[in-house]
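First chain written, first letter: the chains are A, B, C and D, and each begins at residue 1.
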Amino acid sequence: MSAIESLRETFRRDQTWPMLQSSQANVNVDKDVILYVEGLNLSFDGFKALNDLNLYVNDGELRCLIGANGAGKTTLMDVITGKTQCDSGSVFFGQNHNLLNKDEAAIAQLGIGRKFQKPTVFEAQTVFDNLELSLKTDKSVLPTLFSRLSPTQIDRIDEVLKIIGLEQHRFMLAGALSHGQKQWLEIGMLLAADPRLLLIDEPVAGMTAQETERTAELLTSLAGERTVIVVEHDMEFVRSIARTVTVLHQGSVLAEGTMDEIQSNKDVIEVYLGEEQAEANGAGGDA
Amino acid sequence: MRHLIALCCCLFGLLSLPAFSAESPISKELLTELVDTKLSKLQPVVAKIEATSGEDALPLFNTLLAGKLYYVRATKDVVGQYTLDGDKRYQDVFTSQDVNGLDKPSFGSKEVKKIRVNNKLRVYLRKAIAGIQLTSKSPAVREDAVHALLAKLDKNTVEIIEELYPKEANKKVKEAMGLALALNVANDKAATVSSRLKAIETLSGSLENSVRNHLTKLTNDDNASVVKAANGALEKIAQRANRFAFIDQLFFGLSLGSVLLLASIGLAITFGVMGVINMAHGEMIMLGAYTTYVVQLLMPNHIDYSIWVAIPAAFMVSGLMGVLIERLVISRLHGRPLETLLATFGISLILQQLVRTIFSPLNRQVSTPSWMSGSWEINPVLSLTLNRLYILAFALLVFIILVAILRKTSLGLNVRAVSQNRNMAKAMGVKTHRVDAMTFGLGSGIAGVAGVALSQLTNVGPNLGQAYIIDSFMVVVFGGVGNLLGTLVAAFSLGIATKFLEPTTGAVLAAIIVLVFIILFIQKRPKGLFPQKGRAAE
Amino acid sequence: MKLKTLASAIALSGATLIALPSMAADTIKVGVLHSLSGTMAISETTLKDTVLMMVEDQNKKGGLLGKKLEAVVVDPASNWPLFAEKGRELLEQEKVDVIFGSWTSVSRKSVLPVLEELNGLMFYPVQYEGEESSKNVFYTGAAPNQQAIPAVDYLINELGVERFVLAGTDYVYPRTTNKILEAYLKAKGVAASDIMINYTPFGHSDWQSIVSDVKKFGSEGKKTAVVSTINGDANVPFYKELGNQGISAEDIPVVAFSVGEEELSGLDTGPLVGHLAAWNYFQSVESDANEEFITKWKAFTKDANRVTNDPMEATYIGFKMWANAVTEAGTTDVDAVEQAMIGQETPNLTGGVAVMNKNHHLSKPVLIGEIQDDGQFEVVWSTDGVVAGDAWSDFLPGSKDLISDWTAPVKCGNYNTKTKACSGQNY
Amino acid sequence: MTRLKEWFSSGRSTGKHTMPFVVILLAITFLASAANLYLPEDSALYVSTYTITLLGKYLCYAMLALAVDIIWGYCGILSLGHGAFFALGGYAMGMYLMRQIGDRGVYGHPTLPDFMVFLDWQELPWFWLGMDQFWFAMIMAVLVPGLLAFVFGWLAFRSRVTGVYLSIMTQALTYALLLAFFRNEMGFGGNNGLTDFKEIVGFDLQADSTRVSLFMITAFLLAIVFVISQRILSSRFGKVVLAIRDAESRSRFIGYRTDRYKVWLFVYSAVIAGIAGALYVPQVGIINPGEFSPINSIEMVIWVAVGGRGTLIGAVIGAILVNYAKTRFTAILPDAWLFALGAMFVFVTLYLPKGLMGIYAQLMAKRKTAKPQKSEESQA
């Protein structure tokens, strides 16, 4: 019975499969704000992870999110990318895409890329395949089954490979890469999909000084035609890239502004910078 | 030659107590007749004995009913068989002193022959005994006697009862007798209608089958008012009966639930708390059951206590096996649940074959302790079988103990710690390996204990475990992994659901429906009835 | 010879078991097709041992036609398709002259086409639902009319039973038997309302509600009995439940067709005393032949507590008859033996003589026994003479016109006496 | 269509084992068949019909193993219920063969199969209608398993039932079907199932020629299924599948609706299982509910595990080896078989996570490193 329905649903003549529809339905940003997060609430039995959180990110901006552990940085990203359902509130991508009623795939196809805290790449496949998989193409079943790499796509992959500096390793299994390289590959995968908005969670955790530097360059270079949101503990790094910084505390925005404003902000000093030292050491520790 | 000697000594034995046959209250002729007649013709003989020697025949009848009555081929003397520390000996039915005297060897199996009884004769004997026991000292016996007689009242029993009735002191016995007399009157066409109606009125208060049968017969009586009354009475009885029938069914559900609970609770720990799929779980149950069997082998004369020995023994056996498996296999497959599943399935095959080779593929006999057999007769229509009552209680007990262990003891603390965040626990210095082994041992041990209980209900054979593995997985998943309370609720709700479906759908369809329901339910709520919330769950 | 088998073995591209250097020339091969593992191993291993015992016995007597007998044992592992495969292996690779095997109907049905294709010869030693008669099979177990119907007669005539519960495991034997009984009872004037039919799955273990239903059904005035075609494992919990719910044999006797000494050895018979079983053989029957057989069996299995049961006797009779038939025919050629088999006579272990009829079924006496507390049966009733096994029941609409007669001129397993046609033969 | 063609022709990363495998498979098939048909019985090289049917059975199992491997080895979905799809395919074929018997049943009833006659059914249940048409039956043989897989997969994967849960659910699924098919009321012959077949599309099932052709057809279909699967899995679809196996959430975050990929792969696998079942029945001559038993389904998994999951060839080899071992062991010492099987489960999972193909791969790798040119190092 439900089989029939699901079948009918899937094969309805009058519509193309949702996954066949062009994912890049244009994002309306004429108020040049690309991300609206309003009144977001979420609690895991009792513990309020997000507490009436409001956040606006402009198109092409590079925004840094900082905050102590449990401040809700990652949870926020989870909600934006559809990993977690929030209890109340609204999240809009541009003015026309309500993200709360979309699943991860749809959101990703809208052009929102996400990088996790610990790098997740497809270890059993080559660097090249990893990038091929994340190319911006029709990602529904049948087209994928019959798809072949077009020259332009190959060029695109090479381009990305150059950017993330893994040209030599293109046919190496992703699993065999070093930690830093994996971080880069993951960023590369985001690039390959050329997204409008990148959510990047602790990109430099466990990177060497030079790697960190290059990452900084990369991210700054990305800003402009893309919007980038970075979560990072490493204050040095933040200072080196940040134009605007948002401080989260106990699931809501505590302060927002340039690095200097933030550092002079009383409550911030209270709740955050006090811990910052320890944090930094911690971050340094697992590098 | 040997026979001859045996014969001599047994004759000598007879001579040595010359009083033997003379003492017997029943004439030697009758006894010989009893010995000589064919089974099919035996009943009249018994009747004759009953008629002639009434009361005195009681021991004889009882022995006969118990199938312990033998006769000596040589002398045609009837003797009662009894076992004295293992070997069969024979005693005088009436004086119950050993025929040959304890110092001498008893008859060989060739020298005596059993006097056979069949159902027909048993029925007759019970009635005869009941008739005799109407005048017994103990009121309980008297009451049973009357109830036994209710089934078919004949003239003379009624007369006996009539004359006993006024003298009867004990209330319950008097009641029963009253019932008997009422029955008699109700059936008695000669009696006045009014008295019959009154009788029926009294009858309508009783749930006895025999009463109902008589009433059913009365419904096609030629007297209209009697018919009406009878129908009314039946109606009344039926209503009461139905109420009890519902309770009955509920109990069945609970009982099935308790079985499911026992079978799955060990899994709730290994799978639920540790997240290890143990396909050999069923075999842990099986081991427990076989342990019970072995225990009973070792203490054949104390079956009643065997269970108390078996429970800890089973816990140890299965528990240790569990630890062994954990150490040798599962610990090496950590974080690879699917591989664990396969490996443990392999283990289950091995264990099955092991018991097959050790105990043979045949089912083993596990006997039920006397205090567990029979049923608790609340009234003629509602009786709860004792073994299931005990098992129900036992299941709950085990559950409580388990919860206590997990909540209160340090092991429990460690277990919960490890199950929630292994690395953190490790970092805090919890010996995760030991905890794993202990937890798995605990789970398996509980399974073993469940085996002891199941051995009282079903086959003890190599396939015992297979029968329960899928159900127990269903219960755990349905209840919500890692949640003991969920398991409890799931087990009982599934049990009751099945039992209430069964009458309408039949056993098989009920099982299928329940399965399909669970499958669909899990699609809707992948984490079961009581899911673990929060990030810990991811 | 050896060279050939060796060569062919190599040729078999390794995919089959290499025939042990077979001495087909100087031995007569007896195939044993009983499950030694899996669910049916419980019952079937016993029969395997029985055949081995008989073979050993025969060889002591100097074998057959001056040749030794050689038993070839394979294990179909309670897996029905494997019966066909192993049957083929026995006939094609091992070139056995006769097969003793199968327990469940489905295993027989599975191997049957192979037997008929390769014209093998099989002895089937278990009571079954009938409705079959193949040229290549001899049915030495009881047909429904040799077990079910006499049992019901006993209940009606001796115990005055008026209501019947037909409880069975849901597979073909109980289904058919109960159909037959239902028709028979109705013919005897039992009202439909006095017949309760109930089916349960294999290995059913929770009998509470069914038993209590039976109890209710039996407490409505008329003398009630249960006719049980419950199979194997399900019996133990069933009887335990009976005992616990206090249903004694005097109130509601249960007569079982699949419960023998072996099944009883698996449970505590205390509460079951007086319940009945109908078989063609009981271990407790006192006869010299039986005595000898039992002692031989216990010696062979080196286990003083091993019991004997009806399918064993069926195997015994089948083997004896086959041996005689072979000596009579002077060859092991299937067709010759098949003809020689018909009319063979062999003394039963329980006294009397079993005869192989034209329909490949036996004439045997029918006994009814009561369970005793020592796990044995006490014979309480037996047919005066022997009863001829009936391949096609007269009480089923489909088969009442069918007969089986393997002698000329009919030579047909299911010959329709009305249409004079012989249907459903594979050759 | 043209697209399909080029898809096949495109040489991109076709498994290097495919061609040799297909060639060897077909070669053996032809030789064995010829040896059976054209050599005299007493010839040294004669291959008995017994062997042919045995081989045929192994190949069916091989195809089944392929189906299991495709979802387990490549997509990490451990199905313990693939026996269900196999059996359903088998039943479809069985029903067709049953109808083919026509009035040659023992009761000579024109339409009703014997088991229906003596359980006195009056007319054919609706789901038996049309089953006398070969094409229809064959469509059913793939459609029914496919549909079941689709419904189950749709429900399961959408609600993200994964890992062990899924395995247990699949097991419950096949168990439920087992119980259902045991019921005689279902009209599938209950415990006895369907048997005593006479002929298939007009050919006598007992004739050697028929058996041989069935065997050859099985071999061909196995080869075809193998090649198609190989192509699918080496396409980008295949890469996505691997991606899902290794990091499902990641694949979602780069925009793949993983549940649909899983559903369709599951359906494909189920269909293959169904085909295998349909080929299996006429060769072994019986189909009964036993095929649904969870144990069987688990055994299939072990074939794959032994051969080496994640490699199609491994699945095939595993199925054939394990079953060959089974045939031999059960003949020699039946008791030892279960010990051996059990031990195999444990040993393989503990020490050969990649199965026999894993060993093979290691050997190859060794040989490579022995050679001078070391591609990866040179690049690094």
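Here is the rule we use: a residue touches a chain if its C-beta (ideal position, glycine included) is under 8 Å from a C-beta of that chain, and two chains touch if they have at least 3 such contacts.
Being a predicted model, the structure only gives us computed values, none of them experimental.
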Set of chains adjacent to subunit B and to subunit C: D
Dominant chain pairing [most C-beta pairs in contact]: C-D
Chain whose Cα centroid lies nearest the overall Cα centroid: D
Distance from subunit D to subunit C - Cα centre to Cα centre, in angstrom: 36
Where subunit A and subunit D are represented by their mean Cα positions, the distance between them in whole Å: 42
CA centroid of subunit A to CA centroid of subunit C, Å: 72
Intercentroid distance (Cα basis), subunit D paired with subunit B, Å: 46
Touching two or more other chains - residues of subunit B: 353, 356, 508, 511
In subunit D, residues with contacts to at least two other chains: 155, 179, 182-183, 335, 338
Where subunit C touches two or more other chains, by residue: 37, 170, 199, 201
Sites on subunit D touched by subunit B in the complex: 78, 155-156, 159-161, 163-165, 167-169, 171-173, 175-176, 179-180, 182-183, 294-295, 298, 301-302, 305, 335, 338-339, 341-346, 348-350, 353
Subunit A contact footprint on subunit D (complex, rising order): 3-4, 7, 10, 12, 147, 150-151, 154-155, 232, 235-237, 239-240, 242-243, 245-247, 249-258, 260-261, 264, 375-376, 379-380
Subunit D contact footprint on subunit C (complex, rising order): 4, 7-8, 11-17, 36-37, 74-75, 77, 79-82, 84-85, 88-89, 92-93, 104-106, 109-110, 112-114, 117, 131-132, 170-172, 175-176, 179, 199, 201-202, 396-399, 402, 413-414, 416, 419, 421, 423-424, 426
Touching residues on subunit C, where the partner in the complex is subunit B: 37, 39, 41-42, 45, 158-159, 170, 198-201, 203-206, 208-210, 212-213, 219-221, 233, 236-237, 240-241, 243-246, 249-250, 253, 262-263, 265-268, 270-271, 273-274, 370, 372-373, 378, 380
Complex contacts: residues of subunit A adjacent to subunit D: 2-3, 6-7, 19, 23, 81, 83, 103-105, 108-109, 113-114, 116, 120-125, 129, 132-134, 139-141, 144-148, 168-169, 171-172, 176, 189, 193
